[in-house]
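Next up: some structures, all given as C-alpha cells.
Next come two complexes, and both contain chain A; in the first it sits with chain B, in the second with chain C.
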Partner chain A sequence: MKALLILLALPAILLPTACLLYILYQALPALNWSLIAGSDTANISNMSSAGQALWHQISGSLLLMMLANILAAPLALSMAFFHALIASRQQKMILMTFLQVLQGIPPIVYGLCGLILLVHLLHWGISLATGAVILAIIILPLLSSNIIHALERIPAEQTEAAAALGMSKAAIVLRVWFPLAWTSMLTGLVLAMARSLSETAPILFTATVFSGIAWPDSLFSPVTSLQTHIFYLAQEGSNAQAIHVAWASAAVLLALVLLFSLTALFLRRYKESS
Partner chain B sequence: MRNKIFILLVLSGCFIASLSSLAPIWFLWDTSWPFWSSYGISSLWGTEWYPFESLFGLLPAIVGSIWVLIIAMGVAIPCGLAAAIVSSEILPASWQNLLRVSMEVLAGIPSVVYGLIGLWVLLPWLQQHLGLLTGHSLLAAGLILSLMILPTIMVMALDALRLVPAEQREAAINLGLDWEQRLYRVLLPQAWPGIRTGMLLGLGRALGETMAVMLVVGSMDRLPQPIYNILEPAQTLTSRIGREMGEASFGSMHFSALLACGLVLALFASLLSLLAHRKSKQAHP
Partner chain C sequence: MRLAPSIPNHSPPISETNKPEKVCIEVHKLSLQLSGKPILHDVSFTIPSLGITSLIGPSGAGKSSLLRCLNRLYDDWKGNISMNNTPIKKWHGGADVLRQFVGLIAQKPSVFPVSIAENVTFGLPRQQRQQNQDELIQSCLKQAALWNEVKDRLHTPANTLSLGQQQRLCLARALALKPAILLLDEPTSSLDPLSKELIECSITKLAISMPIICVTHDLDQAARLQGQVVFMCDGKVIETGESHAFFTQPKRIETREFLRWSVCECAED
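== the complex of A and B ==
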C-alpha cells in the first residue's frame, strides 16, 4: 500500500519540477541580455516580431499589472473595511459568499464582458485601460478576501482597546490596523500581482497586440504583453527561432511570477518570525 | 466629521466594487439574450456548431469540457492525494514544508506556460506513442489540466491531513490499528472536507482554464465519434470562446452565442465554487 502510494505520488511531485527545469533548459540557449534589452538589432530584420526585444513585452505586462492593482487595491481595501467595521453578521456572510462566487467565475468570461462594454460600447478600443480594468475586476475578489483574512487575524483585544480609548473608526484603521497588519495585507497584494501577471486569456483580445508597440502612447492605445507574446509565438510552428523566443519569454514570465510569489512567501515568514 | 468621511469613502468604494463585479454578469445575460430568445434552451443539446450557417449547438463543447474535466480529475485526484498522504505521513517534516512551498509556487505558474509545454512536449509525445495525426486531442488537454490542478489538490489535501489532531493519531495507534487502517479509518475521514474542497476548487480551475486547453485541444467543433473517443481534436467551452472571440463581429448572433457559452460556463463555475466553500465552512467552523 505504501509502495503504491509512493508510486502514485512520484509523478505528482516530480513532474511539475521537471516542467520547470525543462523550460529553463529550453530557454537558456535563447536567453541572453540582447534578447531582453534588444541591443542586437542585426537578426531582427528578417523575422518580423519573433526577434523583437522582450523588453517591450515585459514593460507591457508590468504596466498592466501595476494599473490593475492600483485600480483594485482601494476598492478591495474598502470592501475589507466594510467587512471589518460596518457589516452585520449576515452582511458579512453574504459578502463572503459573493466574493467566493466571483472568484470561481472563469477569467475569460470577464474578458468577454470587457470586450462588449469597454471595447465596443464605450469605444475604448483594444487598449491598456481596457486590460487594466478587466484585470482589476478579476483580481478584486482575490485581493478583497486576502485583505479580509489579514484583518481577521488582528487580535480582537487590540481593536477593543482602541475603541475603548475613544478612537474613531478611521483612527483605528490608521493607527492600529495598518501597523499591525501591513505585512499580511502586503502579502495579499503581492499575491494578487502575481495573479494579474499570469492571466492571459482575458487580455488577449482586449488589451494586447502581437507586435509593433514599444511603449503605449496613452492609456487608450494597445500594449504588448509577455503572456500573449508566448501564446502567439507558440503557434508559429514552422519558425524555430520563434519557438526559442517563446521558451525564453516563458522563462522570463515565470521568473517574474516567481519573484512575486516568493516575495509573498518571504513576507509571510517575516510576519511569523517577528 | 473625519470619521463620517472615512465611512462614506468605504461605502462608496464598496458600491463601485460590487457594481463593477456585478456588471459583467448582467452584460453576460443581456448580450446573450438575443441568442436564447431566437434559438431557445434546446441549443444546449444541439450537436452542430457552424456559425456561418447559423447553427449554434452547444453540445460538442459541453461534452468536450466534461471529458477534459473527467480526464484531468482522474489523473490529478489519485496523484495529488497520494502525494499529500506521502508527504504528510511518510516524509519528515522538513521535506513536507519544502514540498508545500514548492507546490504553492507551482500553483502560480501561468497557464500559457503550461500551454507551451503541452504544445511542444506533450503533443509530440502523444503523436509518437499513440500514433495520432497531430496529437491535438481531449486527452492532451486533460493531461495538461491535471498537471495544472495537481498543486491545488495536493496543498489542500496536505493542509487537511495536517489539521487532523495529534490525539486522534495517537488514539488510533494505541488501539493497535496498523498504518493502512489508520489512513482509511481515521485520517482520510477526518480530512475529507478539506480534501473535497481542494477537489472542487481544482475542478473549478480546470473548467475555467482557457489558454492551455486552447493550445492543445485542436478546436474541432464536433462531437467525439464515438462519444468516448478522446484521441481526436475537439472543443471545450473555454477554448471555443478563446478561439472565436476575436473573429465574431460585435452584435452578431455568433457573438451572442459565444456569450451564451460564457453564461453556461459562469453558471457551472459559480455553482462549483459555492459548493466548494459551503462544505468547507461546515468542516472548520
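== the complex of A and C ==
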C-alpha cells in the first residue's frame, strides 16, 4: 500500500521537476546578462523586440503586475472587511461561493471581455491600463479569498477581548486585526502577484505588443511582457535562435514567479515562527 | 456525594455596611436565540449593586450567553436589561461605551501581542495611552495581584506570562477602564490552584466596591465567593438566593438534584 502511494505520488513531483530541468537545460546556452540587460542582442534583434533586450519585457510584466495589484488590493481588502464585519452568515456563504466560481472562470474569457469592452467600446486601445484592469479582475477573487482566510485565522477570543474593552470596529481592525494578520495578508498579496505574472492569455490581446516598445508613454500605451514574448517567439518554430531566446525568457519568467512564491513561503514561515 | 460545597475562610468577609442593598442591574424577561436555537427563555433576576453574584448551572444552561447579553456582545435579544434604571439598549454612546462601563473577563485569557504594560492600557483612548500611565498600570496590576511578579519586566511581551498570569493581566486590563461592573466567565477554570486563589482574592476585594457577576462550574468556588447565587438550567433561571442558604437549604428540587449530582434534570413544572 505504502509503495503504491509513493508510486502514485512521485509523478506529482517528478513531472514538474523534469519540466523545470528541461527548461533550464534549453535556456542556459542563451541565458546571459547581455540578453537580459542589454546591448549584445543585435544578432537576434528581429526576434527580441527590435534590438531590445529582455529587460523591457521584464519591466513590462512587472509594471502590469504592480498596477493590477494596486487596483485589486483595496477592493479585495474592502470585500474581506465586508465579509468579516458586516455580512450575515448567509451573505458570507454566497460571497465565498461567488469568489470560488469567479476563480474558475478561464482567464481568456476575461481577456475577451477586455478586448470588446475596454479596447473597442471604451477606446482604451491595447494598453497598459486595459491589461492592468483585466489582470486586476482576474486576481481579485484570489486576493479576496486570501485576505478573508487571513482574517478568519485571527483567534475569535482576541476580537472578543478587544470588543469587551469597548473598542470600536475601526479600532479593532487597526489595532488587533492588522498586527495579527498582516503577514498572512501580505502572503496573499504576493501569491496574487505571482498569479498575475503567470497570466498570458488575457493580456495577449488587451495590453501587449511584440516589439517596438521600450517603456510605455502613458497608461494608454501598449507594453511588452515576458509571457507574451515567449508566445510570440515560440511561434517562430523554424528559427533556432528565437527558440533559444524563448527558453531563456521562460527561465527568467520562472525565476520571477519563483521569487514571489518563495517570498510568500518565507512570510508564512515567519508568521508561524512568531 | 455532598449536598453543599465546603466554604473555606480565606475570602474577606463583606462588612455589614457593604452588604448589597441597592438594585444595580435588572434583567427582565430576557430571551435570546443564536442561529435560530433558543438559548435563554424569559430570564428575570436582579443583581445587587455590590458583591458577587455567581451564575451556576450545567453546560449549555446559557450562563456565558447571559453575560454577553449584559455587555451587548450579543445584542439581538428580546426583553429588557437595565443598569441603574437605564435600559442598556438605550445606553448613551452605544454598545462600545457600555462595554467600558461593564468589564468582561473571558474563560480563556487573551492577551494582545504587545508588552505587559501596553496590554494594561490597551483599551484606553489614544490620548490617554500616549500619556504617562505608570501609576494606573501599577495600581491595576496590584489590584489584579500581578504587580510583584511583573514589576521588573513590564516591557516584555505579554505572551511570555503563564496562563494564570495572563488571566490576571486580563483582569488588570479590564480594571484600567475603571468599569462599574465586572463580568467573569469561568475566570479560573483552566488555571492552577495558586492562580485560582490569587484571582479569587482579587475578585473578593473588588466586590467590596462594585458588583461582580461570575459564571462558574465550580460549586466550591461559588460558595467561597459568597454573595448571591443564580442557578440556571436550559436557558431559565431556576433559583436565586444568598450563597449560604442556597447551598444549605435549596428550595427547588432541580437545585437539590443539581447540587447532589451536579447534573441538571429539569423537571417540568
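Here is the rule we go by: the second predicted complex is superposed on the first by the 251 of 274 C-alpha atoms of A that agree within 3 Å, B and C clash if a C-alpha of one lies under 4 Å from a C-alpha of the other, contacts with A are read in each partner's own complex, and residues count from 1 in each chain.
Rule of thumb we're sticking to: a residue touches a chain if its C-beta (ideal position, glycine included) is under 8 Å from a C-beta of that chain, and two chains touch if they have at least 3 such contacts.
Source: prediction; values computed, not measured.
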Chain B versus chain C as contact partner of A:164, first or second or both or neither: second
First, second, both or neither for A:102, with chain B first and chain C second: first
Partner chain(s) touched by A:261 [first = chain B, second = chain C, both, neither]: first
Partner chain in contact with A:232 - chain B first, chain C second, else both or neither: neither
Touching partner for A:124 - first (chain B), second (chain C), both, neither: neither
Partner, of chain C and chain B, that touches more residues belonging to chain A: B
Contacts of A:155 with chain B and chain C, given as first, second, both or neither: second
Which of chain B and chain C A:82 touches, first, second, both or neither: first
First, second, both or neither for A:177, with chain B first and chain C second: neither
Intersection of chain A interface sets (partners chain B, chain C): 168
Residues of chain A that touch chain C when the two form their complex: 89, 155, 157-158, 160-168, 175-176, 179-180
Footprint of chain A on chain C - complex, ascending: 35, 71, 73, 96-100, 103-104, 106, 108, 110, 112-113, 122-123, 170, 173-174, 177
In the complex with chain A, residue positions of chain B that touch it: 2-3, 5-7, 9-14, 16-18, 20-21, 23-25, 27-28, 31, 78-80, 82-83, 85-87, 90, 99, 101-106, 108-117, 119-121, 147, 150-151, 154, 179-180, 183, 204, 207-211, 214-215, 238, 241-242, 245-246, 250-251, 258-259, 262, 265-266, 269-270, 272-274, 276-277
Residues of chain A that touch chain B when the two form their complex: 1-2, 4-9, 11-13, 15-17, 19-20, 22-23, 74-79, 81-82, 85-86, 97-98, 100-117, 120, 133, 136-137, 140-141, 144, 168-170, 173, 194-195, 197-201, 204-205, 227-228, 230-231, 234-235, 243, 246-247, 250, 253-254, 257-258, 261-262, 265
